[in-house]
Each structure stands twice: as C-alpha cells, then as structure tokens.
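Across the two complexes that follow, chain A remains constant while its partner is chain B and subsequently chain C.
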Partner chain A sequence: MLVKSERIELNKRRTKTAGWIEKFGVYIMILVLLILGTLISNKFLTIDNLANVVHAVALLGIVAVGVTFVTYSGHFADMSVPGIIALSGMVAVDMLRYGLVVSLASGLVTGLMVGLINAFVVGKLRANPIIWTLAVAFVINGVVRWLYRGEQIYPDLKAGEKLATAFVNLARINIGGAVPITVVVFLVMVIIGQLLLTKTKFGVQLKLIGSSYEVARMTGVNVTGMVGLAFILSALAASIGGILLTSLVKIGAYYNGVGYDFRAVTAIVLGGVSLAGGKGNMIGVLGGVVVIGLLNNILTLLGVGTFSQTIVQGLVFILVVWFNTYSLRKLGKADG
Partner chain B sequence: MGKKITGVLLVVLMAALLLLLFGCGGKQTQPSPGSQTGQGEKKSSNLEESIKAEGKVAQLKSDDGQPLLPPLEKKEVPPRPADPSKLPEDDAMHWYDMEYSGWGVTKVNIPQSPKDGAKGKKVILIVHGDHPWTTAYIRGAKKVADAYGMELKVMSPNWNPDVQAQMVDQAIGARPDMILMIPVDAKMSVQLFRKINQAGIPVIASNTHPESEAMKYVIAWTGPDDWGQFRMLARKFAELMHYEGGYAIIQHNPGGSPFFARTYAPITELKKIAPKMELLDKQAPGFEAEKTMQVVSDWLTRFGNKLKGIILSDDSAQAIGAVEAIKNANRQDIILVAAGNSKVGMDLVKEGKLQAITYQTAEGDGAAAVKAAADWFNGHDVEPVRYLPMHIITKDDVDKFMPAQW
Partner chain C sequence: MDLIPALQMKKVSKKFPGTMAVDNVDFEVYPGEVHALVGENGAGKSTLMKMLAGSFNDYTGQIYIDGKEVKLYSPAIAKANGIAMIYQELSLARPLTIAENVLVGRLPVRNKWFLDKKALIEETKACLKSVELDYLDPFTPVEEISQHEAQLVEIAKALGNNPRILVMDEPTSALSREEVERLFKIIGKLKQQGLAIVYISHHLTEIFQVADRVSVMRDGRKVGTLNITDVTQEELIEMMVGRSISQVNNAADRILGEVVLEVKNLSRYGFFHHISFCVRAGEILGIAGLAGAGRSELGRAISGVDPVDAGEIILAGRKIKVKNMAQALQYGIAYLTEDRKTQGLALRLTVEENLLAPLIPRHCKGFIYQKQIGTGIVKKLIDDLHISPPDPSRIVGNLSGGNQQKVLLGKWLATGPRVLILDEPTRGVDIGAKVTIHTAIEKLAAQGVAVILISSDIPELVRLSDRVLIMRKGHLLGEIPGKACTEEAVLLAINSEGEIAHAS
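Here is the complex of A and B:
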C-alpha cells in the first residue's frame, strides 16, 4: 500500500510526463513518421522529398502561426481566415495596377482591417469567437462575390505583363536558389511567434488570459487589448498567406483559402496547443504542420487512396483531441 | 394594447393582400368571350417571332469569340450489356449506365409542348453553385434567353444539395414555364427531377449527369460529353506519351459524374489503345494547388522515372500545383494534360507547361440548356441528350480560344 507522500510523488511524475508529452509529443510523432517513411521507401529520407513536404505545407503553416495566438488566448479559433485569405489576395491583385508595393500593402491592410473588426467584436463586445468569425467569413465571401460579380481576377489582366510577372513570381522566389520563400516566411513567423509568446509581456498576459480569463481581468490585465491583438495577428498571418497563395495560383478568387481554418486548427492541436487556451508553443505548431505534411507524404508513398487518407487524418486528429481533453481533465480543466 | 392593435392591423393587411391576389388570379382564369381568337392570334405571332429569333441566336458568340451554339456532337450508342456492374472497372462497358445516361430511357409524365413560342416564357435556372465557371455558364444562358425574349431567373444553392432541394420547392411554387437544373448531387437529384415532373412543370437537366433514373422525368439533358471528351484527351495523351510509360490521374471531387468520367474514360480508353501504358496511381486532392503539388511531388518520389505523364481533372489550381511540383523536381519530361480551358490552363498551354486541354465552353453549356428549352417551346424536336462539341486544345490552336471565358 502506498503512503500518501508516495502517491503525491507518483501523481507529480504522471503530470510531469503528461506535460512533457504535450509539449514535445508532436516531435515523437515526427520521429515515428520518419522511421515509418524510411521503412516504406528508400527515397523518403532524402533532402528533396522532405523539402517538398515542408514546401507543400508552408502556406498552411503561415496561417496556423496566426491562428495559434487566438487558440492560445482561449478563444478556440479564427474561422474568418479563409475569407481573409481570399479578400487580401483579391485586393492585392486589384491594386496591382498601382505597383507591387501598393498591391502588397493594400492586401495586408485589408486583412488587418478584418482583424480589427474581429478584435473589437470578440475582444471588447465578448461575442462568441467561433460564431462571430464564421459570420465574418460568410460576409466576406458574399461581399467579394458581389464586388467582383462572381468572377475571378487575373494579375496580368489587371496590371499588365510586367507587374503581373513580379506578383506571380513572389511565391516562386527561392532564397539562396534553394529554399522557397513560403518556407522562409513560415520559419521566420514561427521564430517571431515563439519570441512573442515566451519573451514578451503580451505572451505572458495571453497565457494568463487563456488559462483563466476572469483571473487575468481581475489582476489588471488589459484583456480586451490582448485578445484583440491575438485576432489582429491572426488576420495579419492570414493576409500574408492569402497574398502568397494568390501569387502561387495566379488567380484572385473568393474560394482561395477554403479549408484553411480547419486544417490550421488541426495543425495547432497536433502541435500541443490546448483548445482551452494557455498552453502550447510555436515550436509545437511547427511540428504539427510538419506532421500533416509527413502523414500525407507517407500515405501517398504507401499508395493509400484519397478517401482512406482522409479517414487516417481524421483518426489522428480525434486521437490528439482525445489526449488533449484527457490531460486537461487530469489537470482539472476541461476544454470549453 | 399597442401590440394587439398592431397584430390586428397586420392580420387585416394580410387578408386584404390575399383577397387582392385571389382577385387577380380570378380575373386571369376567366377569359372574356371572344378573347379565345385574340389569344390564338397572339400565340401564333409569338411563335413566329420566336422562330424568327432563331437566326439571331445562331449568330451569337461567346466571350472567347467562338460560336455560342456550335453544331451539336453526335454519339454512337452501343447496345447495353446485360449487367454492366459485373464487368471489370477497366472495361468501358462497366460504366455504360453513366456514359450513356439519358439514352433509351422511357420518359414519364412529360408535358406536351405548348408550341406557342419561347418569347416571354418564364424560366428558372437552378445551378449547382457559385464559381467563375458558373458565372460564364449563366452569361451564356442569359445571352440566349435575351435573344429569344425569355425571362430567366437564376438560383444558386452554393453546392449544397439540401439547399438545392429547397430551391426546387421555391421554383415549383413560382410556377414558371420551365425549370433548368444542374444537379448538385447525382443521386439526390432523382427525387428533385421527379418532384418537378409531378408538379407538371417541364424540366431540363444540364451540365452534370444525374443518375439515369432521373432522365425519365426530364425533357432532355444538355452538356459536355465528359466521357467522350476524356476519351479524346486520352488518345492525345497516348500519342504524346508514344503509347508507353506510367501515368497517374488527379481526379475530380468525388460524388458527381465528372469524378467517374475523368477517371475511367482515360483508364478504359488507354487500356484499349495503349496497353503498354500503366496506371500508377489516382488521387483526389480537390481543387487546391498546394495539395496537388504535394501529391504530385509524392508521386515523383515514389515512382521516379516510371512516372511519365499525368492527367488532371482541372486546368486551373490542379494544373498550377502539378506544374510547380514538376518544376521543383526538375522533371520537365512529364506530359501533362487537363480538363477545361480556363485562362490559367490556356496560359500554361501557351508556355508549353501543359500539353493539351479539353475545350469546355462554359457559356456554350448554359446557352445549350436555354436553347433546348426554347426549341421545346417553339415546337421543335428535342433529342433526349444534347452534347456540346468536343475539341482538344494544344499550343498550335490555343490562341483561337483566347480571351478565356473565365
């Protein structure tokens, strides 16, 4: 029979292990996937293949970094990101006639304006973040269709060959001739995001808000401002992703960005960020994004069909959410 | 008290409105004596004017400068096998009921044409969802409707089959002279077409194929012969591949008829004409460039030099993704062919990154549906299936199809 002090010690160890798994579990998954991939194909563990995997998920990663701030603040997710991606891309294409700088700035400002609205309504008016941002996504979708009469817009038809080439080449730039710009932007954003979360007052306060909104408010934290800033950062990341996606597909269209909300949340949760807020980090999100890429890569290398791939991805997501909820219950804090 | 007064006022207002409506209806259903002759004359002059408009309609052009209503494509229909489902999937006859959907169907409760002309007819067009392609489709439909003087109202359920079902109820309630519909869901649309048919409203199906059961209830189906078009594309693909080598297919979204046509038309055709060509894999990553890029990159890793060609179900985002993956892997030897002639696709053909695409006139598709409706009102024979013309666009003739319709 265990004595009380031994039991406390055991519980402490269990909590410590659960915390460690939560923080770095995604890298265990990456390790398992890397071993699995190496066993499946001798071409798996090559620079080319792994670079392709990261390249394919870099845009998703950019968006996920932004949404992480919202999730970390205990506001679940920003469902308006598909709308922001589409809108900022279309505005960038539309404004391209005034030059590349104006085009990029307009795209970013448009995204930021949506972020400001979200910040005010969720931060100040305390609207339900999911319902509100979902509604914003619908409104943006409708407005974009109305503005452009349901048509997609092309950089070359809007601004001529020279500016269009500059715009569509944006997402095709390789830094140092080898690393795609989307990957570089993603990694830079992960670093900045990690610094913001761990080394600044904003990060500390966001953690407190995510852990307990009321406690944060009562201790004098500017909760409205901090939550608002989380939504603004999310919108900024989505508009960067939107401009790069539009540049990649060479089309400004209202359907660009569809599905990015759910995929970003998947990556975030895989990366160990708690849906209840206050837990996780950007290094984990980087891992979550890479897991999505590796999983797709391995399943295709195995010759698994699209339908089965979707099932596997869904099952992995369920497993991670279950673990997330389980560990929160252990800590006496359920999601929601 | 105030609420009660407002409530009473509202009820009185509604009652007055109903009386007014019934009053109008009553007037409409009681023709004055002698008006029969007048109506007969009106009917014949309307028909004359509508038939006269056919010349104008034939001259219409789509935005790419091509005739809006080019001569329709004829298709040979072989006899149906006893049980197509028992045949293997790589046998063309396995897909008989899909490929020849609409042919040899016994029609049920099809209304007789009033033969009083298309002019002034109220037609409701229910599309499948919003997309730049649909915008071009509607543009084509409107061009023909305007030329005939028809009143065309468009509804879009935004890819939601349940919303489409609600829209069908709404459309039936509006009592139009005809309903045109692009089914969102092939299976679910059977009951929608049946419902319209039972309401006594003539209906024409367009663009995507509903299940063959639905064809009983429609006057006709108009649209692209996706199966024929993809067999044609497969023949061009085989020629470009020198009839050998491994290939893979990026499929359309599962559920609709293009998913099957754009997968199994090339598989069955290539098996017949190029037995040395081997299908390595097929995947449906949707219409996202990054997802397609990842699938194609993965294929290049998995199959290496065995992979010589890829068939794509879309020449826009899917084509961009495939081209990027090929460029990243430095595998410019890979042959790429795709469905559709969007601006992105045609630009890629011009650049030599995409070797062949199908001519899929979106405007012509919408125009063909309205033309079939007009022909029916004008008393012409309407074939049960009307196929749009087929053509494969390559670098040699891509300029003829510019500017793109969408």
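Here is the complex of A and C:
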C-alpha cells in the first residue's frame, strides 16, 4: 500500500509540473526568446522593434483566436482558413463599389457562409474536420480563381480612388495615434474569446465536447450546435483577418492567407491548447502568437531569409505537435 | 485419469488492490476435454483466464502445461506455450480479407519480400477447413461475411497457431440457435483432435450440451469441479449463488406512488420488440437478461439516445416523444450508461466539472455560466456518496473505479430526475462503493423517484428490486414479483427456454 501511495504522490507531482508547464510554458519561451534576441542584436530590445513584432503577427493572432475554438472542441483545426481569408478579402474589394459598409459586411457574410457550411458538414454530418476543411479550402481556391480569372483585384480599379483609399486605410488606423488597429482587434478578440471559453454555456460545453464527444452527447449537450458554432466563429475570425489583410496589402488575391492554417495551429498548440481538445485558453494562444513573432524577428535580425524562416516555422510546428502528442500519450496512460 | 493434464493450475492467486480476484485456485483441463467455467460476474473467471493469457506478471502459484511448469508473464509467452483465447468481442480487422486475418503476423512470403499468394490460399483453406468454412473465398473481406462465420473465422485464426489449449469466453452471445449447434459440432471435432478447451458461458443450458466437466467459481475461489452428468442446473445455480437461503429482499416495505413512466409496445427493430411495462414513483424496477437481451438498448431508447421505431412512452399520463438526451433531461428522465469510460465520464476533467456537466444549461443566466451555483451541489454529492478523495478539483481519470462510478451516479442525481435508468451501476466496483451506490439508489426510491435498474449482477437485482422484468433476445418474457424474487428464480428465468411461470 505504501509503495502505491508513494507512486500516486509522485505521479501527482509530475502531473502538477506538467500542467504548470502546459499553462505557462509559452511565457517562459517568450522570456528565453527575449533574452536570446537581446544577446543577438542591440536593435532587438527597443520599443519600436517589439511593437513591430506584435504588429507583424496581429493578423495571424486574429485568425488563431478563431481556430482555437475548433481545436478546443477536439476537432483539431480549421484548414479552410486560408480560403476564407482570400475569398472574404476579394468579396470585400469587389463589393467596395457599393460603399465601405457593404464591402465589410459582405466580407463578413462570406466568412459566415463558409462557416455555416463547415458547421453543417462537420457538426451535423460528422465529416472528418481536417479532410473536409482542406477540401473546402481547395474548392474556394478554385472558385476564386475562376470568378476572377486567376487575377488579382485592386480596390481603386473596382471602386474608384476615394473608396479605395478608405478601404486601404482601414488596416492602417492607429488607435490613439500609436497602436495599430490590427493589434487592437487581436487583443479585443483574445479577451472576448477568453470570456467565451470560460464564462459562457458555449465555452463550458465546448470543453466537455473537447474532452469527450460521446460523453457530451450522452450528457444532453447539443453537440451539433456547439461544434457548429466553433466552426462559425473560426470562419468569422478568418474573414475579419482576411478583410484586414487585404486592406493592408491593397490587393485582393487568391493567394492571400496562404500558410495561415499551419501557422495558426502552431501558435495555438504552442499556447498550450491540446490537439485532443478540452484544454487550453486564449491567454496561452496570445503567447503562442507572440512566440512566432519573436522567432521570425530574431531570424530576420540574424539575416535568415524568408524561405529559410518558413523551414524554421515548419520545424517548430513538427516539434510542437510531437510534444503535444507525447504529453497526450502520458495523459492517455493516466486515463487507463 | 492417468493422463497428464494439458493445463494444470496449482494454487494460483491474483491480488488486486483491496481484493483477492483469484484466491488459491486449482484448475486443470485434460486433452480432449471441454471444461466449463461458470460463476457470477466478478467471481474471478475472467481474471483466471487473463492469467492464462499472460496478462499478469505478478500472479502466485504454479501453472503446468503438459506437465512442465511455465511462467506465463506475457501474452507472447502464453501464445508460445500453445494457449489461444477467443473473446466475446471479435478481434478481426473488418476491412481485411479472411486470409489476412487468419494468417495475421505470419503471412507466407517468398524471396523475403513478396507475398506468396499460393501458400496464402492453401494455408487459409486448411485453417478454414477445421471450422467447416472451406466454402468461403479466402479473399472475402471479413465485413462481408455473417456474424457467425466471423466467429468461426476467429476460431480458425486461433487454431492456426496449433494451440494445445483453447479458451472460449462467451462464444455464442451473438449466435442464433442453429449457429450454436454448428459451433458445438466443431467443438466436438476439436475435442477429438485432443485439444483442451475451456468454455466460459452464462448460458447454463449450453454448458450441459457441450461440457464434460464444470468448475464453479465464487468470490475468487473455486467452489467445486464436477462431471456434467453428476449435476443439475439447479444445483449449479445454488453453487454459483452460494447460499441455499435466499437473499432478503428490502423492497417489501417500500411505499409505491402513482405510475410515473409507462412504456407501451415499444420497439426498436432488431434490438427489442413490443416492450410494455410501467414504473411507479418510489419503485425500483429491475430488468434481468443475458448479454444481447436488449436491456441497454431499451434504456437508451427511453432516454432518447437511440431512436424508437414503434410504440409509446407515457410520462405521468402524458404521451411524450424523446428525440435526444437533452429532451429526456427536460422531462426528468436520466440514463446512467454502462460504458463509464467512453460515454459516462470525461476522464480528463475534474470531479466538479463532471458532476455539473448536465446542469450547465440550468446554471446559466443569459449567456453567462454561473459556476458558483453548483458549488453547494458538488459538496453535497461528494459527502453523500463518500467520493474519495473529497476534492472537487481532482481529475476523474485518477480516481479508483468505484469512485468514478460514484461520480457518474452523482452526475445524474444532480439533475434531480423523476425517472432514473441505471445500466450496470456497480459494474467493476469494489464492495465499499457498491454498498454506497446501493444505499443511494434506495434513498432515491424513498424520495419518490422511479428507478429502472438494469443489471447483470443478480444478487443486486434481487436485493434492490420491487419487481424484476425478464428479457431475452429482445423480448419481454414476464416479471417476477418481489416476494418470489430469488437469485435462483431469476437465473432460471433468464436461462430457461420456455415462458416463465411467474409471468403476471
């Protein structure tokens, strides 16, 4: 008996440490990267540079907040995100001729529509979320190229100089003259997302679904609706990101948003959200997004090219997923 | 007999925390013998056989195969010693072909790399011939053959390793009458070939048909081994139950109220047919039956988890349609699943989160979930059910089986149900947890809740129930009223072939 209780005690301590690392590990990582950056370059630890870091990943953050709901619900990731970013941006540019409000609204509605389709197919018909959303991304890509004949579209050609300026300036607004609007939107979404996850019926039930879909169903949770809502929120966030990205790059194009899927998942998992679902929070995702920003910044300061940076990002993704699976297996043992 | 036993177990024991699952058991099987192993759930049959399969490396006692001592500390060692197991759940990969399944792990190859198709067909045919399935094409996927053929393929697969000892655990639970006869014929043939067969079943009639000797286990001990010709079914049941005086039924002085739930002609085709019964407030209605009797399916259908094809559910005089669990909960019908680990509890969440899971919608004000409303409920449930450790923030997966089961019960108690359907509420729990759960169930009935108790634990059914319904193969055969309800009566009723005498 003594041996057993000792073992439990040890396990408990180990789980506690593991839990702590999972919750705050990403902020330790940020600290390490900050120290590393400072050692590498004296340009690193300046307010300007750090502000740039956050600015550079704010769009990714906006998208990641949305995808987090999907991951948290145990449905891994929404891979249709790049498609939604491109499509909603292009629709927004196309509709700009009817005014800025119509443009923004139609961009968001576009995201909502794709989200509804995902919600129905994954939530109701129980399709494999990864395969399905990949297929959606693929189809959207085809549709966009067909609609616009594979060309990029320019706001000024579509709606004239005045509206185009308004649209392009959208993502360039600085709140209080200092904080870019993308950063503000990102932070507001993190806060709203965190409240949704922890304080609402949706969030609490989503946690149950993420922990065990069958149990949630057998407990009377409207699993179809809740999972659907997660995909809708993901698509909406992606369309917000898509409109802002399009405004920032001044061009609507089918390739806008490429890579946002994997980078979002990397940030989410870095932030301590379990790929198996039911675990994690938005504050962690905020950290995960910042880590990606810092990493890119440091690599740039080191003179590493964009392509090589992609390799590093890929490696980080593999590492993070491996670690996540590893700790899950440990957890799985505890389940048995 | 001066033969050397194919298998001899001498004073074997296996201890689990808190209980001796197998306690000093002697057990032997001779070549060419079918030795049946019977006992109630939790008597230690499965543990004894798991020991044989090499699942434990810490059993005590000696095991001899063909007179030589062996230490069966891993499944590989057990297999190498000629032990083959056939479980209730088939271990076949359904999309793969029969050949691939039968020869799994030893597919014939030539030149090291390439599959030898000719040898593959020949070997599979040879294996299939031993179970009279040689009419099947070895390249048919398993999912395209019938259930009973799959069961025989499973046996062929086991025989392919040339075992000395074959253990069959409830091999007939999914088979029809004729298919069982065929299986028995094949078992007879294997016997003649000198195989030693251990046959585990709850169907006592089958045992009289197929076995040469029978061993009875109870509470981890072997009660006795007898030649099948020297014993009657009644005597066997008495040995399994272990008392000639029947268990006292507590239900006698319970006061019953109005009918709360009535079910009329309820059917889910293929699972249960034309089931009619009613439950009163404060009543505990037991449902007994063997595996495959349709008891769980009935419970799931009433609580909206599975669809209903025909019939009516009437709650307090009002006809209702239950489309899903959420609706069932609104009507005050709760269903405790038999599958705690995958359907009952979110093992990665805390005790508190699990207990409050069904109450989330009720504890919301507008959009906001008011977690603190539940704190008192959680504390009360932990106290009432003696959940240990009494810590609401403990991860449920780290609790013992008994305490997990208490959390599962607590989760449904928290909803304050009018009708509570319990499906195997004490499966696999220790005796302490069992007593707690039984007390909670009785208290619930005393508060006027209508309880439907589905259980394979017959002493439990007899002790708690006011009446026991008997189900077999999807049909309701009748009921045994509380006064006449003894373990023997229930065991006889679920095993017997004809209608039961007590049908009301």
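Here is the rule we use: the second predicted complex is superposed on the first by the 318 of 336 C-alpha atoms of A that agree within 3 Å, B and C clash if a C-alpha of one lies under 4 Å from a C-alpha of the other, contacts with A are read in each partner's own complex, and residues count from 1 in each chain.
One rule holds for everything that comes next: contacts are C-beta pairs under 8 Å (C-beta built on N, C-alpha and C of every residue); 3 or more make two chains touch, one makes a residue touch a chain.
What you see is a predicted model; the values in this text were computed from it and never measured.
Asker: Clash or fit: what happens to chain B and chain C when chain A is overlaid?
Answerer: fit
Asker: Which chain makes contact with more of the residues of chain A, chain B or else chain C?
Answerer: Of chain B and chain C, more residues of chain A lie in contact with B.
Asker: Quick one: classify A:A119 as touching chain B (first), chain C (second), both or neither.
Answerer: It touches nothing on chain B or chain C.
Asker: Thinking of the overlay built on chain A, is A:E151 touched by chain B (first), by chain C (second), by both, or by neither?
Answerer: first
Asker: Quick one: classify A:S212 as touching chain B (first), chain C (second), both or neither.
Answerer: The answer is second: A:S212 touches chain C but not chain B.
Asker: Angle chain B-chain A-chain C between C-alpha centres, in steps of 10 degrees?
Answerer: One gets 120 degrees for this angle.
Asker: Answer with first, second, both or neither: which of chain B and chain C does A:G303 touch in the superposed model?
Answerer: The first partner, chain B, only.
Asker: For A:V204, select first, second, both or neither according to whether it touches chain B, chain C, the two together, or no partner.
Answerer: A:V204: touches chain C, not chain B.
Asker: Counting only touches as set out at the top, which of chain B and chain C does A:V136 meet: first, second, both, neither?
Answerer: Touch status of A:V136: no partner.
Asker: In whole Å, how close do chain B and chain C get at the C-alpha level once superposed?
Answerer: Least C-alpha distance after superposition: 20 Å.
Asker: Once the two structures are fitted together, what part of chain A is touched by chain B and by chain C alike?
Answerer: Comparing the two interfaces on chain A, one with chain B and one with chain C, no residues are shared.
Asker: Write out the stretch or stretches of chain A touching chain C in their complex.
Answerer: Contacts found on chain A: 1, 4, 8, 11-12, 15, 199-205, 207-208, 211-212, 214-222, 278-279, 331, 334-335.
Asker: Looking at the complex, which residues from chain A come into contact with chain B?
Answerer: 41, 43-44, 46, 48-49, 52-53, 55-57, 59-60, 145, 149-152, 154, 157, 172, 245, 248-251, 253-255, 258-259, 293, 296-297, 300-301, 303, 305-307
Asker: Could you please specify the touching residues of chain C with respect to chain A in the complex?
Answerer: Touching chain A: residues 17, 305, 324-329, 335, 337, 341-349, 353, 357-358, 360-361, 364, 367-369, 371, 395, 397-398, 411 of chain C.
Asker: Taking the touch rule as given, give the residues of chain B at its contact with chain A in the complex, in rising order.
Answerer: Of all residues in chain B, those touching chain A are 130-132, 134-135, 251, 254, 281-291, 293-295, 297-299, 301-302, 304, 316-317, 320, 324-325, 328-329, 343-344, 347, 406.
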